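This is the structure, below, for whatever I ask next.
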Amino acid sequence: METNRLEAFSDGVLAIIITIMVLELKVPHNPELGALRPLLPVFLTYVLSFVYIGIYWNNHHHLLRVCERINGGIMWANLHLLFWLSLLPFVTGWMGENHFQALPSALYGTVLLMAAIAYIVLQTLIVAEQGRDSRLAQSLGSDWKGRLSPALYAIAIGVSFVRPWIAGCIYIAVALTWFIPDRRLARVATN
Amino acid sequence: METNRLEAFSDGVLAIIITIMVLELKVPHNPELGALRPLLPVFLTYVLSFVYIGIYWNNHHHLLRVCERINGGIMWANLHLLFWLSLLPFVTGWMGENHFQALPSALYGTVLLMAAIAYIVLQTLIVAEQGRDSRLAQSLGSDWKGRLSPALYAIAIGVSFVRPWIAGCIYIAVALTWFIPDRRLARVATN
Amino acid sequence: METNRLEAFSDGVLAIIITIMVLELKVPHNPELGALRPLLPVFLTYVLSFVYIGIYWNNHHHLLRVCERINGGIMWANLHLLFWLSLLPFVTGWMGENHFQALPSALYGTVLLMAAIAYIVLQTLIVAEQGRDSRLAQSLGSDWKGRLSPALYAIAIGVSFVRPWIAGCIYIAVALTWFIPDRRLARVATN
Amino acid sequence: METNRLEAFSDGVLAIIITIMVLELKVPHNPELGALRPLLPVFLTYVLSFVYIGIYWNNHHHLLRVCERINGGIMWANLHLLFWLSLLPFVTGWMGENHFQALPSALYGTVLLMAAIAYIVLQTLIVAEQGRDSRLAQSLGSDWKGRLSPALYAIAIGVSFVRPWIAGCIYIAVALTWFIPDRRLARVATN
């Protein structure tokens, strides 16, 4: 009951973010194959960002399922996470339109980094509210993926100014490690 | 309980997709009848895509109502389906603006084909999770519509390069066969 | 339980329609009062359409609260209603940009007329499903407002070609009669 | 049960408002740092408006959690609040694009003022419906923040024409006082 509306609002915002990103794929005015070619990098960036929002939605879903109580701090930490994710359509469009150049690639990584930090803050507040002995706290364990991702985003931001395409590969690699939903939480929730 | 949030998120995404498609109907700057004429093919494509999203929403609704358990694979299969449907506003706009020419018509069919395959994957994963003896597995039976549609989309994609208007007729015909909600599932759910 | 997801999807679509209409209020590029003046008719049309969506949301809410069972026909009748309402942002923008001229005003009335008919169809299907002796059937009674509104829209469409401002007054007048939520259904629901 | 759909619809509208505001951050066409500079004021205004929508969502959430019964008046008061909030993307874009000049800043304050008044009206109607002895009525107490904010917005509107940046500071200051969720209601809800 407590967490229902937080979930509903977050779902609404994530659903809108994931859908308006497609608006950056501007409909071309002629029906030739050549009209689609400039859209290819925009499309590839859209796929990557779609997967990232999907990852956040999945993990958020698992995190809130084991959350029994929320408070004002959790609400704002959740809005803080949604804020950074809401900037994803903008940086997706900028990186896609500029074929993965240095600055757009670094800004894309910055938004991913800030969202990752916001997620850690949210998770920490939720663990604190449920208690350190709660099912959630135990199941999170060492949380190596949650700690490694921000470090990799930070590296990718730096690498963007030297070899933007390596930064792109790092974003894809991190997405792949998260692609598998968080088994720890899934295990707890089904017990 | 388990499937609630999956439904809510999917509803959100489908509601946004169905509504932002209308943004391709750009408001004309003069009040003459002639200003509406170039919008007619865009409008007709909008109607077709609206019906397709309606069909997916209806079938998705029936499918999840008989689904008792979800897992990570089902979540990603669901996001995969939403991904292809999220491209519908783009291909709707492109086909509408270019009066049903070859390439836009073929791309429209490709998105329908990929969405149909994604739906079959989702359905298969859900059946596997519920068990082959579940109500769902029994009620699906031979599922001829689910198997025929992708074949027809594939034919329409090929036909697009010869006679685009025949491809358009195929898209309309397939929509008509799905217009009737899936009685098999409706029957199970009411038992 | 049965009607939950129908409500959720309709809420999503109506929430998006009501919100994207404001996108027709294009942000002017200079900070003068004169920059706002051309937006005034767009703003006034926005207020009118906002009230209309509010009316539909209110009545839809009351209608579904006394609805205990849905079927495939009701689902499609609901989508049909949402289809016409989804065209409201387009006709709102066209009427607003063209200062209530003949054709945009007539098209605005046409969309209202079609939505009103769609609502009557939906209501009829729901009454049929619940049974003629149900609380809903009894409470609807003569339904004079539901019958009068389409007639007035039809008159307004005709009048648009002679005196568009009278058509505008009719749209406002009908909205006022509906502004009060449907007391009959509210009464039933609280009993 | 009664308030569920009112919450769901409001959540939908607020989720869309908070997300479409980011569309005012137009994706620049070149990848230089200079391309981001003109977007800075738009971004800062976006942050401020995001926080305001977050505040309204939080308070709205608390208000409806202690609301046991709704009526037609409450529904329209809620839509009235959503109407003013729906204008926030427009005034956010105008203020952001024009670097906090007089008129955009005053209009921004006007929308905040009208939303604050709409919130007071909604709260008053909800208190009246629940009864003056209800938990809600007692917990609201003197409601100094709810009364002070409109006064400060009114001052900021006047100040906009003399020193727009002071108006900006007032908007930020009021947001900070509301940043902390309404403890009175939170306290009641947990009792």
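Things worth noting here:
Think of it as A, B, C and D in the order they're written, each chain with its own count starting at 1.
Rule of thumb we're sticking to: a contact is a pair of C-beta atoms (placed from the backbone, for glycine too) under 8 Å apart; a residue touches a chain by one contact, two chains touch by 3 or more.
Note that this is a predicted model, so its numbers are computed, not measured.
For the touching copies chain B and chain C, the fraction of interface residue numbers used by both falls below half; the interface is of the different-residue type. The angle of the rotation carrying chain C onto chain D, fitted on C-alpha atoms and rounded to the nearest 5, is 90°.
Remark: chain A and chain B have CA centroids separated by 26 Å (rounded to whole angstrom). Centre to centre, using the average C-alpha position, chain A and chain C are separated by 37 Å. For chain C, the set of residues touching two or more other chains reads 8, 12, 15-16, 20, 23.
Note for the complex: chain B touches chain A at residues 5, 8-9, 12-13, 15-17, 20, 23-24, 71-72, 75-76, 79, 82-83, 86-87, 89-90, 93-94, 97-98, 101-104, 107. Note for the complex: chain D touches chain A at residues 7-8, 11-12, 14-16, 18-20, 22-23, 25, 27-33, 36, 47, 50, 54, 57-58, 61, 179-181, 183, 186.
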